[in-house]
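See the structures that follow.
First chain A sits with chain B, and in the next complex the same chain sits with chain C.
Take a look at the complex of A and B:
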């Protein structure tokens, strides 16, 4: 039985948007629950605007969740005090999508990598420097790069610096928010390999947020599929790619180009509904090819079947 | 895994120091030369001015430049224009620097706070809007009316007039920077908001701050001129480029030199500051290093 590292329960995040007197509430995530096991890579997939990134950030409280609990190491991250949270952040790191915006242009690589140790007050300056040089080598950069500024590097190299920054505090888990989607395909493979190498060495867990199902299949152990702020299906990678259960997952899978033994492509009609006014019943019923009468009125409960979870009336 | 293809050329030379970097720019050299010229003039005014700036000589009034030992001519009371321009450098530079320090110092602080802390933004930004809704000179005149005409009043009044503009520009720059991933990354590392604000946000809004500082200096010199012209600025016994211009206006057809030379002094100072400010901004930006 795998040991849980992070247990997210009924997490919600509402954003209040719009000008005064015409304020609307956008429900970015609407009761998301999942478990991240130790040493595991959990994929979080879904189309743009489904709340993947919000979920990833709320899980390490970079965004304050509106309600719900995040159980980590015996504490509820959602209710821990600010000072304790800052200390806990050593364990919970994040890698960003845009390697151009994620590094301060006014700091050298060495300053960028020393900063986490300074903030968490770890080591003497000699120890910090040694640690920085180690990590620079570990992510495949050279010692001479330490004195350079971010703009002197390519996208792939910047992403290596971003990974180095997230690694330097020896975190227990890293949220990777589309870490390769801004990179060339050849560089993507290098960065994915690097992420797998450092995980093999340090044994941390990843929450890997992506819309690229091929990448997710390559790196993830389990996958949670999100639609309009909800997790509709959670399963092991093999089970999900062999036999997707939820109609939305099926549609996603059929859209992977060049898939072996591909069945007919399922085309979803219409757009993703606005998260400001999600549909009643099952959020997916407006676009679901197998929608039934009950789907319009009652939201489906997630049920467990054979080690996987699916929220669809077809399986009740 | 091969990453040889993404390596930039490895440079082994030591990074040049910031000052070397700064003064490798032609604009910085030219700018600092002009500023140094003005500052030296102000400091050495007592020794280099040929006449007492307030010595009246009615017999020699409104003499054109080059006549009777008056290199730049005399004004309507026969006072030596050159001496007044030299002594005016003291007042004008001091007032300009003080106004810039006041407006940019407080404006930057308010801009950082309103851009970064949503809670205070609503209140502070409305106060700034309120200050900006007054026409600048009217506000300054009202303040001198309350506090009496003096250099200190001019600095306070113009400082308060220009401060909200700085605050608003810095606020908008902060709003952009605070959404960037490196700010979020720093929070993820466990930094406090205060740390992020001064370690990451402030350095990345330096460019607009420097540009504002050089602009405001020119506005300040002109604003002081306007207040002096209206009789609520620096008293005429203390020559400033502003009150010289103000007096010269009446005689512009008769004695063009009265207006030209203080005007040139303002222009040279502002030019020097802009050249220096541009160079400083570029030297502070690592992306433009070595260009």
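Take a look at the complex of A and C:
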């Protein structure tokens, strides 16, 4: 029986946008629930604006959730105080999509990697240095790289620095937000292998956020599919790719370009609606090829069937 | 599938194109002898990773190279028999948009943000087709309908920022199709789009070929997209073409070590791998190109012989620029 590491319940995040007097609320995530098990890689997939990045960030409180709970290690991250949160941050790390934008250009690699140890008051300066050098070697960089600045590296090497930074505190889980999307194919494979190697060695869990369904299939154990701020389907990797249940998941799978022996692409009509005014009822009904009358009025509840979850009236 | 390119003279023939960049570290060669042909009604894909020269190749066909920093150092670009590189600027300008049109990756930065959509479509119609007044609007609405924009009359007064990414790319394609060009050059037209919208745009491009007979030079880094819409594919690496051939042949039996590495490093949807294969190292910098075969430092087959510029081997329908191509494929000289 898998043991839960993180339990996210009914998480919501509203952003207030627009100029004064024309403020409106965008519900970026609208009641997202999922469980991340120990040692597991959970994929969060969906198209732009579906709330996958917001979910990943809210789950480790890099942004404050508007409501909902996040159970981790016996506490609710959503309501824990600042001091405790700082201590817990050791366990909860993140890798960003664009390593260039997320590394301070005025800090050397060594300074970037030492900073978290200083904040958490771990080790003497000699121990810190040793730890930094170990991590640099582990992510496939050379000792000489420690004194260099981010601009001196290629995109793939920069992402190695981003991974090193996320590993330095020995975290229990890492949120990886599109970590390979900005990389070329040959480099992407190197970084995916590295992420798998460090997981095999340290046994942490990943929340892997991506729009690339082939990469997700390669690296994830379970996958949650999001659409307009909600999780529409959660299943094990094999179940999801062999037999997607939700009509949106089906369309997403069929749209992967160049899939050999694939069935005819299900072309969805129109665009993704604005998260500022999601459709009533099921948010997907405006584009759904199987929409029924009830979908326009009543939001579907997620039901459990054979160890997987799907939120669609077709299965109620 | 179109095979016209093999029988009639190609519509577009880039021959041995050499292109230099001026940089703070001296002049570098961005394209080192690139040859690509596009036939009538053919969709040809150019694939390669960042910096391989695929976009700069597209820009040289359009005559949109940044002036001052780039220089054509040799070769020719023949379009229906005329060398575009020696054509007077005036004639070349007339050709742009009328005979050859371009679709860019990011419609938000390539559409004019302060000009209504309607005016942006009307511009090439007035300029190249000589239409006036109501006829221009009629024609504009006609192309917007063709690219599947609903209630097209309503969006004419809209500005680009009022449209979604997918709609903006449809508008770009509408502008490209407005004068019924013989060739469209599409530079990563779906890269910025979501996968369900990407499907719609790919369908649209194939439809343009089927309905209007437009040839398309399609630049992408996504081998899946190539598999989906291209008749032939050109693989580029570090400013050179390393392999060309029919898409199904190149993707099912790649012959160049780089193409092979590229295919293997992609996660597969059909089979389960524990680890991905990788190509060691990274693409060399333009000012630090290895001599001879530019893939040599990353290639597992390479030996000292690869320090000389490799020949183009023809194996079946594929052209492979590699000393080891026959050995790798197990094909020997007849």
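Convention: the second predicted complex is superposed on the first by the 314 of 316 C-alpha atoms of A that agree within 3 Å, B and C clash if a C-alpha of one lies under 4 Å from a C-alpha of the other, contacts with A are read in each partner's own complex, and residues count from 1 in each chain.
The rule is short, and it goes like this: a contact is a pair of C-beta atoms (placed from the backbone, for glycine too) under 8 Å apart; a residue touches a chain by one contact, two chains touch by 3 or more.
The structure displayed is predicted, hence computed values, not measured ones.
Participant: Looking at A:213 after the superposition, I want to know if it touches chain B, chain C, both of them or none. Which is it: first, second, both, neither?
Facilitator: Second partner only.
Participant: Just to be sure I read the superposition right, which of the two partners does A:255 touch: chain B = first, chain C = second, or both, or neither?
Facilitator: In the superposition, A:255 touches chain C alone.
Participant: By the touch definition at the top of the document, which applies to A:241: first (chain B), second (chain C), both, or neither?
Facilitator: After superposition on chain A, A:241 lies in contact with chain C alone.
Participant: Just chain B (first), just chain C (second), both, or neither: which does A:135 touch?
Facilitator: Touch status of A:135: no partner.
Participant: In the overlay, answer first, second, both or neither for which of chain B and chain C A:156 touches.
Facilitator: Touch status of A:156: both partners.
Participant: Does chain B (first) or chain C (second) touch A:44, or do both, or does neither?
Facilitator: Neither partner.
Participant: Mind working out whether A:193 is in touch with chain B, chain C, both or neither, as first, second, both or neither?
Facilitator: In the superposition, A:193 contacts both chain B and chain C.
Participant: Which partner does A:98 reach: the first (chain B), the second (chain C), both, or neither?
Facilitator: After superposing on A, A:98 lies in contact with chain B but is clear of chain C.
Participant: Output the chain A positions appearing in both contact lists, the one against chain B and the one against chain C.
Facilitator: In chain A, positions 154, 156, 187, 190, 193 sit in both the chain B and chain C interfaces.
Participant: Flag every residue of chain A that touches chain B in the complex, lowest number first.
Facilitator: 60, 62, 85-90, 92-94, 96-98, 101-106, 115-116, 119-120, 140, 142, 144, 147-149, 151-154, 156-157, 162, 165, 169, 187, 190, 193-194
Participant: What residues of chain A sit close enough to touch chain C in their complex?
Facilitator: 47-48, 154, 156, 184-190, 192-193, 196, 211, 213-215, 217-219, 241, 251-252, 255-261, 265, 267-268, 271-272
Participant: Per the contact definition, I'd like the list of chain C residues that touch chain A in the complex.
Facilitator: Touching chain A from chain C are residues 49-50, 164-167, 194-200, 202-203, 221-228, 251, 261-262, 265-270, 273, 275-279, 282-283.
Participant: Report the residues of chain B in contact with chain A in the complex, numbered from low to high.
Facilitator: Contacts found on chain B: 1, 3, 6-8, 10-12, 15, 180-182, 184-192, 195, 199-200, 203-204, 284-287, 289.
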